[in-house]
């Protein structure tokens, strides 16, 4: 038995937890004004080759998304997202609750393109409509796909042409950047986006997202506090990100998550299972016959149904993480083989 | 040197941190649907003798306040608070950002009374004004004072008379309940308020507040998610509150914080310092001559200026916590004596 | 020359203006608490055979839509609309500005069906998503189509099944109800919807919409005031609706608008112009060659481009009103014939 | 019998109504893009000697206040008002519903001073508090008092010093500017405020407020539409303001309102009634014995109770308007004399 439900089923990577333990009884000032947050922010600026970037640490993804969006938009401005975008589907209207419309474009592979963005922009021509002002993308996307550097450059050009901000949700940036298909770097993101974040929750932290603002926003901390997003013991975020970003830990453990995903994918493919939407990251979407799925669940395996294919088959989602043992994958493949 | 700036300068109580470490590699479901949250919630229901109460775990105080308020109010409804109320002063308009007015009454000791509440209610008589619907109080208050049971009963009766909900912010409930002046219990709060919370951030947790809803709110989790307040690894909150609420740890360590405050107060009083507003809890507000304050700061002591008394003297705030060592207090008193 | 741009290019029907003139110097109480609003509300209850209905008079359509929606929804609840729905496209995010998501379904003819509604409802299953709670439809729709009674009954059943409120935007209800294709009545709307409105702005009033609430909402006036929607001289709305609803004026003049639209349509059809989406109401959508359109505009005719067909042809919108003279239509047809 | 309840009990001044009648059947474009709005805006710019000012016409006061405030503030920014300020007390939380806190200062005469403004500004020092960004004042105030030019200059300097915007609510500007105590002019307001409005609703229009923006706000019309404040037949506002601002009508009729107020005040004073707060405008606040008030009401006189003086006496409010006949005042004074 093992849960492939998501990449946040466990606590923190042991190195991260140790860092929290080591610093536990130190006294620091609150709300992220401590030396650990300062160090972690500097590490990020260095990795991004972005000495001017403003870095803020937040607890979770929805919080980060709503803050990054609402703090940059006037009330009549809107954000453009893929129809599958996390901000459109999975945040209980968090963006709308801050007053902004999410304008969507139908993106079968979860990725926005300049042409999709322009189809939205061109449909908003007057004061009787919202004014699209930001493009929201995720890397990796909600369905495990990746942006290439060429694609991101093209989006940047499109945004510049139309006066749009470009925001990249990096909740799964670790998995994205350690995929063999990836050609993007942190300096690329700092140069090509107006803001992006390095997700910790889904890659080894107890919690935490590091939001990098490449466009200035002098009062971002006011927004944080107003939305209940300023952690009292803010240094917890600094300590964790410092640990993750030292000695390449963040990317090493993300690579492990990917490796486990590929091992799972290749093993299942060898058993004849199909993956209709190929994913180069730590989320894999095979088709399972419903009776096999039920048998696996009875054995204690956990994974989520994604979409019915027909009455007998379902696309399911398997997610691996920094914590997934090789043995768990191999045992699963053995058990799956035995199901047939 | 020691920081008396606040009660969240350190990390977690070692027992709490150990519980996080012990459970770190377990896999659980996310968002607070795990067994630890269930256990902690049951512990709280038991301690409150409130088998029907709904318990939700949140990361911080502002988040908890805004959720408790906005999830119970219609948009034209308002919350009544003391002018010093945390929701009125120290949350960057978080309540207003969810659309609700905070109606204030001037309460010199930080405590609302039925007569103050009625002065607000009576001033709101028509559809041209907001409709006050909730009373917000804190125990202990922002200035360290306490509600007695008789006072809380009177507020409950006032709320019932006027159709108001009663919300008690317990960010510092540990300190309040372990003060010699306290005569309230958790079952009292469950019986007398519509919702209250047990603050973890300021009493031994890394972070976390346990919100107890005595009035039903079936969609509270939708509100949580919408405001970015649903922690992915929600079990971190359950694990911490389970640890805190086992074997009376929560109250034992709060009593320590109070004891340190009283030791500090008595020692300073013995040195001739005055405390214009007496506080029976872990926040103490002595008057310091500015030159003495400067000397203490030069020695590395940290505390906050609260209010100027005159050009030479300032009311300052000292806060003790579960982590404050006796030695730190004693050394401070010695250093203070040497300042004179 | 004549403007077919919309049905609110002129002021009020002379009978309505006369009523305003006749009552101009009377003194009444403000904010809609006057006898004229009471009389007009009673007239509407009588016409709707809905003695319990609550009637509120508002100045404009966006105001009415946002109030009808936000006053019935909790913050995490959403409204379902056709992708062409006015609240989705043409109100600058007014619904989102009150905190609610608009969930859309692609409806080529501008009309929602139970199956479209259910496709949205079924996609929203947990606290990670908004909870659809209301269905928004327009009659006539934004593209001039009509709901039949059978269709409205089916939507009502669908709404009952899923616990949804049904809101009908009647900005162009006059045109809808006087179309030969219509089989709905005001009592039908009172029985089948939770709220609907009778549009005045687009049918003979200077301004004004009469919102009929069939589901109780005791504090609706608080919402009105909060959104700046309570007219000081509220009796202006009562006076106008009393005039419109006396002696069938409202429907007589709406029928005239439709008759002018059919005369225009039939005349253009006779000249060989095509109407890809047939409309039985006062909005008509012919295809015009761009050069013909330019000639007409040069003659002073006004109408709006709707959608390009190809590089030489455009679907345009012609709108007629209570004020459109037969002569204007005939002259236009003559001028159009001369263009060819 | 006569109603002194307010200055919007009647319809429009006959000249205004005639202008609406004269233009009734003209066709114009909608939403305030018509020639009448353009002409009225130019008249206002000329009267204000402010060729660069941006003028927008809105239907009512609450709508105007909420738009002027929310369109200039970021979500964490707040507006400062007197405790009696209309936006604080009489708008059902309209400002908070757009997300902004109203910070209040206790101003016994309804007027803010630099020192009151600074007391608020100085109390808001960090990201844990809202950031005051705008000062809201009314002229005449809610209790009938006036700002002098020296006072307004001082407020402007205070605002400049602290980076604050200054917004003047002119719902009763006509009465203010035609008071013998007034020394302000429209060019003064254009020079000294960032935005102000010329109130029509309370001085001869059916409805309407002309908002003058001296600080640029390129997307103000997006805000208008989003809040349901863009009148379809916007030219109704332009027609009315053009009529009011031609040949000094606006000020002539405001002066009449004031004259009637002074006649009432002087007559009552001669009968021995006291006016604890002197008002130089069209609102007068005498003390009436409750039995006298009851007799007057029985005769059909209407006025509002403001505040109890003791159990036998009440401060009441009498309001006169452009429409108040001399005969109504004189008859009232006769009837009052007979009451004694």
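Note that the chains are named A, B, C and D in the order they appear, and that numbering of residues resets to 1 at the start of each chain.
Please note the rule applied: a contact is a pair of C-beta atoms (placed from the backbone, for glycine too) under 8 Å apart; a residue touches a chain by one contact, two chains touch by 3 or more.
If you're wondering where the values come from, they're calculated on a predicted model, not measured in any experiment.
Chemist: Going by the touch criterion stated earlier, list every chain that contacts chain B and also contacts chain C.
Modeler: A, D
Chemist: Suppose chain centres are the mean of their C-alpha atoms. Which chain sits farthest from chain A?
Modeler: Farthest from chain A by mean C-alpha position: D.
Chemist: Consider the two chain pairs B-D and A-B; indicate the one with the greater count of contacting C-beta pairs.
Modeler: A-B
Chemist: Indicate the whole-number Å distance between the mean C-alpha point of chain A and the mean C-alpha point of chain B.
Modeler: Averaging C-alpha atoms per chain gives centres 33 Å apart.
Chemist: Based only on mean CA positions, could you tell me how far chain A sits from chain D in angstrom?
Modeler: 51
Chemist: Could you state the distance in Å from the CA-based centre of chain B to that of chain D?
Modeler: 42
Chemist: Got the chain A residues that touch at least 2 other chains?
Modeler: 75-76, 91-93, 97, 99, 127-128, 130, 222, 225-226, 230, in rising order.
Chemist: Quick one: which bits of chain A touch chain B in the complex? Just the residue numbers, please.
Modeler: 2-3, 5-6, 8-12, 14, 17, 20-21, 23-30, 59-67, 91-94, 97, 201-202, 206-207, 222, 225-233, 236, 323
Chemist: Would you mind writing out the residues of chain D in touch with chain B in their complex?
Modeler: Against chain B, chain D makes touches at 75-76, 78, 89-93, 96-97, 99-102, 127-130.
Chemist: Can you list the residues on chain A that touch chain D in the complex?
Modeler: For this pair, the touching residues of chain A are 70-71, 74-76, 98-99, 127-128, 130-131, 219, 221-226, 230.
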